[in-house]
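Structure first, commentary second.
A, B, C and D label the chains in the order they appear, each numbered from 1.
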């Protein structure tokens, strides 16, 4: 396995539009599982394809194990890729698909078959080796694609939304399987997804991309608790973080009807800021005790918890006139009633600059 | 999914593919240049010469051949008949193709019917011409015989009389080509996802509304391809008309179209003229006509391609 | 309320009626074609002096004289062989050359790929008549007139534009991931092409069929570029037979020739029509 | 979307098929050549002189060209660069289709010629598009030694433009098996028609004419006399039942028969050609043309022409005529042979020379079918020898007996169906070319003429309009030359 480092990778498709990728820096350690996440069109697939060699970068350098591979053709980068729709050759059997790369490399037949069988048993595909991809289920095809990637023991795995064609249940299953496999093989992996859950559950580190710009790189926990900006804050976590506008003078925060004193010190700042509160950090409050008043417009019961959607009654709240709180089912209010909500823990409040959306610098 | 390879700079695995692509394309391109393009250019050149092509060498005469053509009634007759096939034949072919496409959609034996409709397109045109000739023969033809048999004596006609013979030819061409265009249009219509029609049905749209609001807009690109194909077909069509006139006798001048005239003037015929220059000039007119009409159709029918 | 319903019913009735009429019309058209074919087949078994006297009579002779006459005149063994050689050879060569070209034009990215596709498509619009004179002169320069080789080469050339056009459609419809997967696995461009070829097989078969049908029916090039009896193709053979039978007024013999010619075609068509039709549609609508 | 089945085999099959086909085509071509030139002809060539040495016709073939004085020059070049066995092959392009009686007769002559001389006659039965093949062969540099076709198109396409060999020396050539020369049996009047600088270029083997054919019994049934003049003809036609004048109107040059004959009757031989050749077009306004045009209009308007004649696709009208539906049919003298297989029982073929007009001229059409030897021929001498051989009365008589055609030799019998035609030719004070040579001399003009003639003959335009249009077309045509 290998380390991969990206230095100032830039990609421009058309000279008059914005760049698809700008100045991406990323160092991936040997054996690390990196997830590239972002909304569709953010450039994550392009970045992956640049690493694969299927796309050229317009600028920057790409090193695999310290060697500059920017001009090395895809086939000789020793990288394996799992495609979104698996890209299995429909006219080849499972065994032939898995062994394809070995065959290209001229590995002898006997050895090839042995390796294929090895990989197949690892993936539970042994009974299907003689079949063609058309005769397999979605999950099986996914495994074949994995097998084709694994068998070559490449420097790195690249996976482009490999689970997006599976149904929800299978997706969860395969998620775990890929993670386990990755850990067992200690394989350097770059995994692209638009699903933040996948990113959070699978990645050693997660790279959040938006409009071709890296927003933040870090472990899932770090991204969750210390989002670098509004975009990351809202992208990571579900339901999404509530955003309100409040005023802050470096110590006191006024948002809604709440006047809070923060324990965390921020660089002096006065005026309006964006205030982010995750739904799980809100709870129902008795009348007159809450930080926010409003009308309950929707109550969603999810079994172990309840999501409460509340329309704030305070005027002037343009940014977010609705709050979502996750509360215990026992606290669930009735729809169409007036209710109050309060912030559980004042330290879980995130503050961002109003204009740039960047998180306020903590002291 | 992000589309990235579709446009833009070549990816590295293909970066040096200019040369590689060249080796893939070269054989086809060579043949194409040799057999189609070079002769086309040569034809343009020959059209400026007088040349019999038997032992003599071409003599440059400038625009004489064209001047000559444009003053010749025979040429204008052929030209107008070609346009007649194009316009009248085109209207009929497209009318029937559309009608059949719509009707076949919901018919049970759809595949069988379509296969029969298409069949004339695989039969050698000589055989079709023979059949069509037997059908329309004036006194003992099948059509008149049939009309008499079912008591429609008044409808019998001299189908090959000079004033209507060309209509009979067009009818034959329509009979042949409708199946072809049904096939193409049907493919376009079949591509339209069913849910559009279901949605239209739920909104209470009539068949006509569905045709104009759903089918037409969503098959527009196929239609434009079909229109281009028709232009080319109509101007090129030769074998059926030639054989319709019979072998051993020149096709009646009342059925001459541009390609038939090229053949008669330049290549052969019972009393050949062997005027290669003039034949080439007519051929050039054909090419120009095709080019002009294709561009025109592209212009008229150009619309944003609908993705679905 | 009721009247509205009635009105709707009436409208629906009218619509159904017009639809029924339309369907009837389709059937009439189709039956007309079939009836014509049936008449030709029956007529091929009739006698010359009665064939036009009673159009609808059943054959009154069971002699196969017509067919043996036609067989002799058509020289079917020779003409069929010639057609098979030129059409088969022309089609196979066309495919062998057009497939890599279409592949490169759609799958390899290089400056000028798209204008090149248009350039090839341009050839579809060039009528045979516009090239036949120089082609004839040029081929005679290199001694390829009156030669099945020359005709094969010509067939290859005239089929090239449409074949490339159809197949670019097919290749374009193939998922690019497959190709990229092969590239990532380290396959060379030639290897990638050979991996992609089987995927394009339905398209190639269809294109080949369409090209072959077109060439099979061609007779102008064959008529002008060859003249030896031993080099006649089926189309020219039928045209000559047509001439001979008309001069001798051997109509039934003519019908027999047509029937002889059509029989294998009908059999093949019932077998392959789906392929042809589907191929045409994929290629033309992409 | 993507075919799941095994994709390999058929694909390779295509390529293998391609290779196989190439190999086959190559092999096929090779074989053809072998059988054409090598194996077939060489043994025969060696055998022939020994086995057939007693036959007279051997003499001329043994020393080709030596016993003739004139053709020395033209034969010299080909002799130098010719392989000996190629000398023994004769490329012959014929207008007949396989299966036509004339073809069968010619095939018989060719067979015996090959046997007698050891020369291999490589014949192409090209049908009426023979000149298409000829041009293909000629411009490919593929020598054609002999072409047999109608004289008019031959004249227009080849003779007038100097692409044929003069055949004057052939006239002194003895006909194998007979004590006469070619010049002694083929009347000069026939040869002169297409002579260039006094030398014939076309040697006829069939001489047809045209006229109005009728079934004598049918005329008798109606109690009618054979008409002589144009007025009588129309009168008779009107009395001879429905569809009296059968005519295949889709053949433009059949339609042209009427007007061309009428013009020659009113203006004399050469008058139609003169009108065509008049650069001003004014001759079309002359009296003889007007008289002819008006006569034709009279026929068209009389109703004597069969219903639907304008849309009759050859050979339908002549078939009906032979079947007893209709009385007259204007056509070439080959009509008897063409319709023999389906004419009604007891049909009595008679030919009416084209009706005369008051104060008009009389002449007969000489419609020759003959041979030319192209200038580019490889073996012009052998070609001429074949011509002489085929003109032998015994051999040529097949054209009369089997094919029911007239031949240029008057010492060969006449089929009874054609006695009228022979009489007509004999009685005529003059002969003229078919269509007075307009078709042959001005093929492009001919196309324009036939269209206007159709309109007149189908009653679409009147006499005045026709004359005006013809005058204009003629002057335009010449202005463009």
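Keep in mind that, in the parts below, a contact is a pair of C-beta atoms (placed from the backbone, for glycine too) under 8 Å apart; a residue touches a chain by one contact, two chains touch by 3 or more.
Keep in mind the model is a prediction, meaning the values are calculated, not measured.
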Relative to subunit D, chain with the most remote C-alpha centre: A
Interface with more contacting C-beta pairs, comparing B-C to C-D: B-C
Inter-centroid spacing, subunit C versus subunit B (mean Cα positions, whole Å): 14
Chain centre separation in whole Å, for subunit D relative to subunit A (CA means): 89
Distance between chain centroids, defined by C-alpha means - subunit C, subunit D (Å): 36
Chain centre separation in whole Å, for subunit C relative to subunit A (CA means): 54
Set of subunit A residues in contact with two or more other chains: 53-54, 73-75, 84, 90-91
Subunit C, residues touching no fewer than two other chains: 52, 137, 180, 183, 198-199, 223-224, 240, 243, 246-247
Touching two or more other chains - residues of subunit D: 2-3, 7-8, 97, 127-129, 132-133, 139, 314
Residue ranges of subunit B in contact with subunit D within the complex: 52-55, 64, 67-68, 71-74, 77, 133, 137-140, 158-165, 245-250, 252-254, 264-265, 267-275
Parts of subunit C lying in touch with subunit D, wherever the complex brings them together: 48-49, 52, 69, 72-73, 81, 85-86, 88-89, 92-93, 95-96, 136-137, 139-140, 143, 145-149, 152, 173-174, 197-199, 201-202, 204-205, 208, 223-231, 240-241, 243-250
Of all residues in subunit D, those that touch subunit C in their complex: 1-3, 7-8, 10-11, 14-15, 17-18, 21-22, 24-26, 28-29, 32, 93, 97-101, 124-129, 132-133, 136-137, 139-142, 314-315, 319, 338-339, 341-342
Residues on subunit C engaged by subunit B in the complex (per definition of touch): 15, 19, 22-23, 25-27, 29-30, 33-34, 36-37, 39-40, 43, 52-53, 55-56, 97-98, 100-101, 103-105, 108-111, 113, 116, 120, 123-135, 137-138, 153-154, 156-158, 160-161, 164, 176, 180, 183, 189, 193, 213, 216-220, 223-224, 234-235, 238-240, 242-243, 246-247, 254-255, 258, 261-262, 265, 269-270, 273-274, 276-277, 280-282, 284-285
In the complex with subunit A, residue positions of subunit C that touch it: 175, 177-178, 180-188, 191, 195, 198-199
